[in-house]
Structures are given as C-alpha cells and as structure tokens.
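Handing you a structure now.
Labels run A, B, C and D following the written order; every chain starts at residue 1.
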C-alpha cells in the first residue's frame, strides 16, 4: 500500500475545519497567482525587472488606479512586481522543503535503521550541518557563485536537510525497535521493503505535516537571505529583493516616505506563510491524539 | 540530583567535533570554490600592492604546505582568534568580530529577556483557559506572530515609532551624547556599561534605541514559546500523575505550579534555545538594514561590499561556533534540570 | 451501619470528539458500600469499572457526563449532571492508580509528593509531612530512604508501594484502587493485594478494589460486584459468589481463570467483551450467553439468590423461567 | 526424539553505554551459562519475572543477539556461525508471536499484508498469499471481512489472533510465544490459550512460551524452565516442578500464585488429572 494513502485520508478528515479551509484557500490562491501572474500583471515586463522608458517621471508614484501598489525607485509598477514574485516564493519554499525532506528522510531513516558506525557518522553529519546557519552558506556561495535561485536553495537545503534528518531519526528510532520490524526481519523481508513499509510508511505523516508547516519558515528564511542581498540578483521579482530595494535605495527613512514599497511585499510574505501554517496546524492536532482530546482545566 | 558529568562531557566532545568539522568545511570551501584562495584571502586586491598582499595571504594560509598542516594551522588560528588584519578596517579581524558580536548579542539577549517570559505566560495562561476568548485570541495571535517576516515588522515598528514620537530609533546610541557625557564602553554591552558607570542619560538613550528592534526580534520567539508552552501545558494536564494528584486532594494551584510547570520548563528552554539561534539571522537582518545599528549584520554587509574576505570567513566561522555554543549550553541546562537525564 | 458509598441509578458517559453522541460506560448502577468493607469491582475491559471508580475518586474527565446520584458518606457528590468533589478528594476518598510508572511526577521527589498532598489536605508543614510520610512508608513496608528518591529511581513494585503510602497518608476513609496489580510482576501481585487487605483490616479503611481477575478477589475482599457493559450483573459476599456463581458471565469468568495445579479445561465463551451497547434495556450478555432465551431481549432485574445474604444476580434464568 | 533447539552454555548481554568507561567497551551480562534442550514436538515454557533475562533468551533464540559465548543450535546447526542466508533459512522455520499486540501490528498496513508477509518474503505469488491468508485467518477464528482493514480498529484479542495467523502462515516447525496473553482480558486469555493448544495439536509444532505467569505456563507447556537473574534455577516437567519444587525461588513463585487464586496449598489438590 502506498504510504501516502493515510495522508490523503488525513487531509480529507480535516477539510471541514475552518482554519484548514482558510489555509488551503490562501495556499491555492498563491499557487494560482504564481501560475497566472504574468498574464494578469498590468506591466509584465516591469514585473520582471525591466526599467521603463522615462522612468524619472514614474519613480515612487503613490498607489493609484494605474499603479495599484504604486511604483518603485526605478519607476517600475510595484503591483506587477509583487504578484509576479509569488512564483519565486513558491519555487524557493517548495524546492527547499522538498529537497531537504528527501535528503533528511533518507539520512534519518538509514541512521535509525542501521545501527553502529552508520548511525554514528550520519548523526554526526546531521549535527554538523544543523550547526551551520544558512546565512553562512549563503555568504560562501555569494563569494564564489553568481547570484540566483541556486544560491538561496542550496544554502537553505544545506542546513535544512539536517533538521528533517533529525526529526525523521527521532520518529524512526521509536519505530525500528517495534515488533513489526523485528517480525519482518525474521521472515527475511528485504531491508528496502522493511524500511519503506514499516518505517517510512508509519512515520511519514507527522513528517509531511511538519514539512507543510515549514514551507512558511523556508519562505521567511529565503526572503531574509534575499533581503540581505545575498541570494537573488537585484531587480529580480522576489518579495525579499523588492523589500531590499525599497529600503536600501530610500535609506533608513524609506518606510516613512514611501511606505508602499515596504508594505505590500511584506504583506504577501506574511499571508503566504500564514497560509502554510494554518494548513498544517489542524493536521498536526489531528495526528496527536493527546491534543485531540478536550483538556480544559477540569479539576 | 546533579546531572552526570558524563553527559556534559559527551555533549562537549560532540560540540568540539562539530566545531572542527565546520572549520574544516569552511576551509575546504575556501580552497576549492572557484578562484585562487590567496587572492580571495587578500580581498581581491588591485594595483601595485596586489602582488605583495597576495604573497602575504599565501604565507598566512600556508598554501605551500600539505593540506592537513594547512587545516591544522587554520584550526589553531581560529581557536586563538588570530585570523590576521581586516583589509577594510585595518584592525585585527577578531576585534571587528567581537565588537559586532557584543552589539548583536546585546540586542538578542534584551529581546529574549522580554520574549521568553511573555511567551511562556501567554502560553500557560491560554492553556489554562482553553476555549475562552482569550485563548483563541492568543492562539491566532501566535500563529500570525510566528509567520511575520521580522524585517518587515521592524520596518513597520520603526514607522510607527517615528510617526508617533518623531524620533527615529537609529543606531545604538547617540554618539554626541555619549561623547559629551564621557561614556566609555568596556564590555561592549552599552546598556550594561552605562548602568555600571551610572551614566543614566546614555542608558536611557540606548534603551530607547534598543526597544524597537528588540520588539521586532522578540515577536518570533513570543509566538513560538506561547504556542509550544500552550501545547505542553495541555499535554501535561493529561498526564496520569496530574490525575492522581487531583484524586489525592492536591489543590489546583499546587498542581499547576509544581506538577505541570516543572515538567514544561526543560522543553521550553530547548525551544527557546532553538529560536535564539534562529533569531541571530533575524537580528543581523533587522539591525543593519532597518535600524542602522552596527553589529554583525552591518559587518557582514560591509565586508561583502569591501571584499574583506577574512572578515567574512571569520564571521561565518565564529557565528557557527556561537550557534553550537548556544545549542550546547541549552542542552546541558535542559539536562541538568530534568531529573530523569542521568546517562 | 454507615454507608461509605451509595450510588443511586448512576450513569456515566463520555461525549465523543465531535460532540455528536455519548458513549455510556456506566449505565444505571445502584450500589452501596458499607464503611469498613473491602469491595471488589470485577470486570473485563469496557465494563465501566474504571469509569465508576474514577467517579468515586472524583477524577471524571471533563468530557464525562453523568446521571443519577452518588453519595459519599452521605455527602452528595454527583447530583444528576453536576458534580462536586471539593473536600472529598484526598480527605475522604483517596486513590491508588493503575500504572505506577506514570502516576508520580518525574520532576518531584517522593517527599515532595507527600508534602504537596499533606499540605493541601491536612495543612501540614514540611516537618510534619515528613513524619507522616515516614509513618505511611513504614505501613507499606518501605524504609525512609526512598523519600529523597525520584520516582524513576524506584522499581515498579516500590513505586506501587509509594502510591499506596501516599494514598494512606492523608487518612482518607475510602481508598479506591484501580487495578493496582496489573502493571507489576505476578509474584509481587500477591504481596500488594495482601498489603491492601491488611490495611483494610488494621486501619478500618474502606477499600474499593477494581480488578479484572475474579480469582484474586478472595484474598482481599469480603464483597464483590461483577460488571458487564456498564451494569452490575452479580453482587454478593465474595465467598458466596465465588462458590456459587449464578450469572453465566460470572461462571465463565471463573472457568477462564487458570488455577495452578488444577487440570481443568478453560471454557471461554466465544466473542469479545461487550464494549458499547446501544442504550436499550436488554441483557448485555445475551449475544454470548449459551443459555440465552427469548426473554433475554428484556433487561432482567437484580434479584436475590436463594437465602444467601446480599447475593443478587441479574439473570432471567434464575427466576425459574426455564426453557430449552 | 531429536533435539530441535539447543542452547549450549550461552552467556549473553548488551554493550553498556553508561559511564566514562564507555570509551572502553563494557558488556552488561544478562544471561549466564544457560543450557537447555528442546525436543521436537515439545511444549516448553520459560518462566521469569521482569529482569530475569527471558526477553534476552528470546532474542538469542531468534537470531537477534549474538551470545558472548556458547552456542545456539537449531536443527543441530550453530545459528550464529552460519552465513546469513542459511541463518535466514533456519529462522524462517520459526514462527514468532510477540508480546504486545497493541505495538506489534503496523498501524497503516492492511491485515492481508501483515499476515501474508512471511510468504511474500520468500517470493510466493500474491494470488496464493491471499488465499493462504484467508485460510489461516479462518484457523485462528477471525472473520474474512477484516482482511482489507488496518489493525487500528481491532481489539486486543483480535490483534493477537492476527499475530498468531501471521506466525503460522508459513507452516513453521517451532512456535515461539512471548507473553502471549499478558495484555488480554481473562476470557480472551482463555480463548487464546485454547487456540494455541489446538494449533499445537493440529500442526504438531514445537512450542516455546516465555511468560511470567505460572498459570498460563501450566496450560501451554509440558516442561518448565525457571529463570532467575539470568540463570536457570529449576527445570522439569510441569507436574514435577509444581508438586516438588526444588529451589526456594520456585516455591515462592508457586506460593504467591496460589495466594492470588485463593488456594492455600497444593497438597490437597490433584495435579493433572
């Protein structure tokens, strides 16, 4: 049985919940936006970073019907830029979490299943990479590589996989000693099958839920790196980059004189992150039977 | 019961191994990423002095020696804080880093002294009033807080504090004021220094400037700690020992104080530690770009702009070591208050 | 005789997660326990015995609902849907939990446990509670050395004794023991049960012992009640019930206990213990009963058995409505 | 009769990871110098309380823990000196029923996959596995309808039956039972005891039961091996041991058991018959 079936059931069970619905709507909205933004953006080329002709006259325009979110320091339409940046957000959040999850899952399960030296070495590596702040990796790449998605994604994945390796390890450790694993070993089932069926199949749900809720953190961290100017190149449609440009170009007084430059991209980051959190929270509660019970102060 | 020395010993050994691993990793990155390591180390120098500078960098790194000697040397230099002169500032790298660290650490500690107790209180309080309006408010609030991009929030806080008071919380302290009152930082933690020297004008000034960025930074830990402690209290209330204590006639307040809270403190410390290291990056972003405070963030940006490679590398390494240090300390504290950890 | 516990038509149920329906665990139980009795509540899982015991101990979870009345020493503890155990918990009724491993806080020493219990029930200070603790520990056969220990440093048997000592220390008149032996080794069970029996006799504590093991009741209890699907199906003096079981369920339970050295085939009836029965008045054992008759679709009344004192059974076949 | 399982002077334990000395390898000995033989078709019970080493004996027999010294012979072959494929061959002839039915079934797997796993591992086709699975389910008295359910909904007794079905599906010659009834209700315990004995009679397996419960052992074994802190203190037929216990420990076990069931002495009771 594919291990994802219980997960689909879990999602289905939670569809009724209010919070889950909001989270799902936000997530779907951002996903759809990331797909269609280049068709609905009023100035798609400006959204991608093209500086319009006669930009001097269009710099820092206040929000208006022509420019819903105003224009930026180079006279580009902020609305186009912000909605087109949803794609960059989705790409970064999903690829970071997905890649880290895959690597972490493999490392964590192997460390828990094969004891001895394998466990020792993999756990050391996990501990090692967990100890490195992603900003440090981003720094190194910034010094040596061209700016781009790969910088953000690699530097985040380098540290994030260790996080999944650790939680997978903890969950898997609790499972590998259980009798169904022993039974499967005794009947001579291959290790690959045991791992997939009795370890991954059993622990995957809470880890997937964690991954969903981490999508938000990944986005926040990626935006932070872009905001520092360490990741994507200037002009790229990304909320972190837009914020960075807004604040660094206008100096420290940016938000007092041109608040729209700061407000809209940040709002989108907040909304997207919130969407992921709201999506994951009900699932998490559902999975933890202790949280499901009512536990108001009864004595 | 004292935590066994053995656990601390093992934890420290592991941490040292990790630190060494990180240094080796950074050195390998330095050597094997595109470009001549000596040129990088010298900060991509141009002009007549370039050859000399590169030659010196080559000697400093010992590039003519076998790789294991180079690494050993590099590790030695890291531990003795001897990574040469900063190209941009013309002072020892260690000095640059230390000044940045104290500034950022001051901000972080200040923020966490605010955030952890507040988050803990909110979490416990809402857990004890589950289902109340207060609880659902705190629950929604903590979700929003944890989803907030810190730099954005910092900008908004700065905007608000400017538009309400007309005072921009820029920098760490007014240098004019500091100079006129003869303020003399010793530890580098301005708040502490001012207090020790009885320089209340500077203290107040520094305090006013630290509060807005600290608020921005504390939002994430408040959200996290509140959420976690609410869940922990809720779970603790379901424990068999709470049920049994109720049946024995132990009063509600005693149960909450001695049976429930004692059990949630170690995990809360753990979570706060994790959040703390996460917040370092937050602090670096906010302090430099939003609030214009000098600190690790401004050093990082500076070193990047000025191609001060030594500072960048040193910053990366020491930041990582600090990360590990915090993690280790948190683990040890957590282990020493949990009577069950004895290994 | 003073009645320690008097239950009048008490029903206890739990609201399910979605608040859609109530699962009734105890369904209309009438019961009287006299002061000084050692009373056993016997039943398999799902019989409602633990729910009933926690109602008396005052630890019904927040999603429980109640009907009927429960008096403890003439104080109304449960009055239809409301309950109030203030002043009863710890002082009148104390409790020995099922699982010693999780029933002591891992963050408190044994002495702290005693202190918080005695401070809150009897207003003892540290000094006095320490003294009382040592006395109580002596009664259960532990020495004072365990006072400084944390629970995880004690073995399962010792933890169970500590729990008993704490339950004793506040001088409660009733002690509710919920399967106190199910989590400990077979050869320690006898000594714990004997200890409970001794406490009942020597200190005049009323004992309510919840157990799934019908055979073991004889060393502790003078009276027992057999529960099935939330109802009492047979009750009486222990000897009388064990020697002369009337209800087919009680008989089956006795037939299923392996007796050492006695070669007798174990005769379980097919089927599982009945967990939830829709709230109709039928005999809960009807499905499994080999002697079921048509009349068993109605719920039989609790009828006295012959001339045995206090021996009652809930079965149509007793009243002589014999057929096929 | 041939001996099917033999332990020769087995000493076993676990690597200790406690203390500074862990830098030097240290081993905590749990079993000391254990020797016994199980004949083909026998029913043997190993009795011990927690900490007596009975779980360790199980691990040694099941090939999960290499003894420090001594040999484990199954069908006369030294289990731990065999190459791993031959070891697996031998282990496949053992059916194992673990202790806790609530933690022994994969919660996300359908019953047919759980029960059929031993056959799947040797490469039997799914068509046959499913057929065979419904056969063994019938033997252990479970309805066919549960074959596509997961274990989550099942009661303890049903879970135990599923585990027994899984243990017998590959027609093993040895059945190893770890506390087969300790987590179950009294009436279900009796059902399982009767089921195990009928399986013993039908399939002529060798049955090894590990338990702390003398009463259960009496029904599931003809011979008792009594274990205390890693050593065998007494061994003999059920009648012999119960009527005439030689060691003090066995006596105290019997006395406390009798006290629980309210019988004062064995003297006036006829044993076995």
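The rule is simple: a contact is a pair of C-beta atoms (placed from the backbone, for glycine too) under 8 Å apart; a residue touches a chain by one contact, two chains touch by 3 or more.
Being a predicted model, the structure only gives us computed values, none of them experimental.
The set of chains in contact with chain A as well as chain C comprises B, D.
With centres computed from Cα atoms alone, the innermost chain of the structure is A. Ranked by C-beta contact pairs, the top interface belongs to chains A-B.
Of all chains, the one whose mean C-alpha position sits at the greatest distance from that of chain A is C. Chain A and chain B have centres, each the mean of its CA atoms, that are 22 Å apart. Mean C-alpha positions place chain B and chain C at a centre distance of 55 Å. The mean-CA centres of chain C and chain D are about 32 angstrom from one another, to the nearest whole unit. Among the residues of chain C, those touching two or more other chains are numbered 59. Touching two or more other chains at once are residues 246 of chain B. The set of chain D residues touching two or more other chains is empty. Partner chain B is touched in their complex by these residues of chain C: 54, 57-59, 89-91, 93-95, 97, 99, 102-108, 112, 116-117, 119-121, 150, 152, 163, 166-167, 170, 176.
Per the touch definition, chain B reaches chain A in the complex via residues 14, 17-19, 21-22, 25-26, 29, 33-35, 40, 128-131, 143-144, 146-153, 155-156, 158-159, 162-163, 168, 170, 231, 234-235, 237-238, 246, 252, 255, 277, 280-282, 284-285, 289-292, 297, 300-301, 304, 309, 312, 315-316, 319-320, 323-324, 327.
Chain contact summary for the complex, chain A toward chain B: residues 124, 127-128, 131-136, 139-140, 142-145, 216, 220-221, 223-224, 227-230, 243-244, 247-248, 252-256, 259, 262-263, 265-267, 269-270, 273-274, 277-278, 281, 290-291, 293-297, 299. Chain D makes touch with chain C in their complex at residues 49-50, 141, 155-158, 185-191, 193-194, 212-216, 218-219, 242-243, 252-263, 266, 269-273. In the complex of the two chains, the chain A residues touching chain D come out as 1, 3, 5-6, 178-180, 182-190, 197-198, 201-202.
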